[in-house]
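Note that chain A is present in both complexes that follow, paired respectively with chain B and with chain C.
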Partner chain A sequence: MKIQIEYFAIYRDLLGISSEELEVSDGLSIKELFLQKTDALMDRDELLESTVFAVNSDYEDCDYILKEGDEIVFIPPVSGG
Partner chain B sequence: MFEITTNVLKIEDYLSHVQDDSHGAIVSFLGVVRNIHEGKSVHKIFYECYEKMALKQMKKIQDLTLEKFPMIKMVLVHRVGMVELQEASIVVLTSSKHRKHSFEANMYIMDEVKKLLPIWKKEHHPDGETSWVGIGS
Partner chain C sequence: MFSKEEKNFYQRHFLLDDIQVSGQEKLKKSKVLIIGLGGLGSPVATYLGAAGVGSLTLVDGDVVEASNLHRQPIHNYQNIDKYKVYSAKEQLEKLNPFIEVEAINKHFDVNLAQTITSKFDLVIDCTDNFSARYLINDACVLFNKPLVSGAIYKFEGQVSVYNYKKGPCLRCLYPKPPSDSLVPNCAQAGVLGILPGIIGNLQAMEALKILLNLGVIQEKTLLYNALESSFKSFGLRKHKSCPVCSSKATITKLTAIHKECKMNTLKEFEISIDQLKEKLDGTNPPLVIDCREHSELEVSRLSFTKHVPLGEIQIGTEDLDKDQEIVVHCRSGVRSITAINLMAQVGFTNLKSLAGGIIAWTNKYGME
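The block that comes next holds the complex of A and B.
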């Protein structure tokens, strides 16, 4: 199935990409997707610790199972205001 | 009302949204760019935003606030893009019959903004370096 990932802030800088459409296998959780996409990053564990996840503009748990057409964003610590 | 804008923020542009003949108190909060953060000099900040989600979360903050403080009127505006020293990145206005609810609601809105809005600061330092706030980069 296809999903869309939008990258912001530090993830756009670290991965050098602003968005991508991906074919993923059924049953994949958002945390597993994160681990796949950040596999090559040095501080991956630290990043995971401080990152939360959004699906279709709502916050979701890391155990969320991806669905066809989902728009995913890895949310590093927010600092609005 | 709430919005995200790239424009310079001025309180007077939003005052009419909270003015009410029966309200005797208006509290205004401006968050402005300061020149130091965690001991490091800052000369401007770039605010990046996941706009679609930020607007959804602003609506949620507005709904939560009006549920908790049904007697107030409110404005929540966040600026994105490059913001220079002492320019405002956020304006929160609240009004009510008396000052207590306006102050409390204003604080509540800012606390929720800090928790929920998918907006990120990239600080620009005088030496040309940049850093994302809240995480090493």
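The block that comes next holds the complex of A and C.
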């Protein structure tokens, strides 16, 4: 199934892209998706712990199971002022 | 209640059915706490002052620097080195002589939070670090104050209203603060000057709506992406086990937030200016690396340093002996922590970050 991911703030820097459309297997959770996408990053566990995920128009827990057409946003904490 | 001059000043508000004289009176009686007078605080204070919020209290312990001005237009070139709160107060009093502005020239800490939070109708978080953000959130929950929070990163920003009528708070979303070194701030990452102007004005707008009980107060996070010219918003929900605002709360009084961050463990990776001086005067001085950008060297540079900018820190140090003692410094001691983390990843074993950076060093030892 197809999903859309958008990367907010540091994720755009860390992953080098701002968004992508992706073909993923049925039954994939947000956490599994996150771990796939951040495979090469250091501090991955701390990042997961401090990141929230929005799906379509609401925040969702990372055990949310993705559905066809979902639009997911990776939102890290942002502190600049 | 309004003088003839004030009526003239607020004329266009009076014309709005949703404000009129009664709404303007509400604003005049309102007390708002603005924490941080940088990129976000500049528009927030300017527009709330102009709108006629009767009492503004400004809190910030920093002074104006030239590199602030591209995004902090409440300050000006003549006020460089002046405390930001006094610089902002001066500007606000010129703009609107009918409001009261109180300036507190220190960083928001537990003591200050404890003493002043209860006095306000509303708090606005315009700070630039997680320790302050979590302390402000906790204070607003414990003193039951609505909080309008804004944050920026490079070309993106977000605005949230927390704890409005006991609604969701920052910790419902992000229960624990991440380490400040995980996410760079403006000094490290850079920021487009106009961005905080937009995000700060969105904060000011939400603040005004709360004070006037106007429209729909957003229980959501608004994300703005300047490069894509897009806004997105996501509904906020109270978390049933939020550590500060739920029935299962474990945080029941204010404590210094940095204890929860990595700061404790960071101490062992830091070296003080005095310790470094002693080592440099000794028989086996460490190699000192300056990890600031090229442009910063023109302002100040220590003669005994090797220069490797943060962005090239792994490549630029690959020929060095991985076990030799190395001290990394930046401007104030934040970027150098990131630098030693990056160097540790490629095998360096004996690293320290200079606490306080070149600022602390030159204050005591000059540019020797």
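Basically, the second predicted complex is superposed on the first by the 77 of 81 C-alpha atoms of A that agree within 3 Å, B and C clash if a C-alpha of one lies under 4 Å from a C-alpha of the other, contacts with A are read in each partner's own complex, and residues count from 1 in each chain.
Here, a contact is a pair of C-beta atoms (placed from the backbone, for glycine too) under 8 Å apart; a residue touches a chain by one contact, two chains touch by 3 or more.
None of the values given here were measured: they were computed from a predicted structure.
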Which of chain B and chain C A:S79 touches, first, second, both or neither: both
First (chain B), second (chain C), both or neither touched by A:G27: neither
Touching partner for A:S57 - first (chain B), second (chain C), both, neither: both
Which of chain B and chain C A:I10 touches, first, second, both or neither: both
Partner chain(s) touched by A:L47 [first = chain B, second = chain C, both, neither]: both
Contacts of A:S18 with chain B and chain C, given as first, second, both or neither: second
Overlap of chain C and chain B interfaces on chain A (superposed complexes): 8-10, 13, 43, 46-47, 50, 54, 57-58, 73, 75-81
Contact footprint of chain B on chain A as seen in their complex: 6, 8-10, 13-14, 43, 46-47, 50, 54, 57-58, 73, 75-81
Residue numbers on chain B that touch chain A, as the complex places them: 31, 47-50, 52-54, 56, 78, 89-90, 110, 113-122, 132-137
Chain C-touching residues of chain A, taken from the complex the two chains share: 8-10, 12-13, 18, 42-43, 46-47, 49-50, 52, 54, 57-59, 73, 75-81
Chain C to chain A touching residues, read off their complex: 36, 38-41, 125-130, 133, 150-154, 156-158, 173-174, 176-180, 182-186, 189, 191, 196, 221, 223, 225, 227-228, 232-237, 345
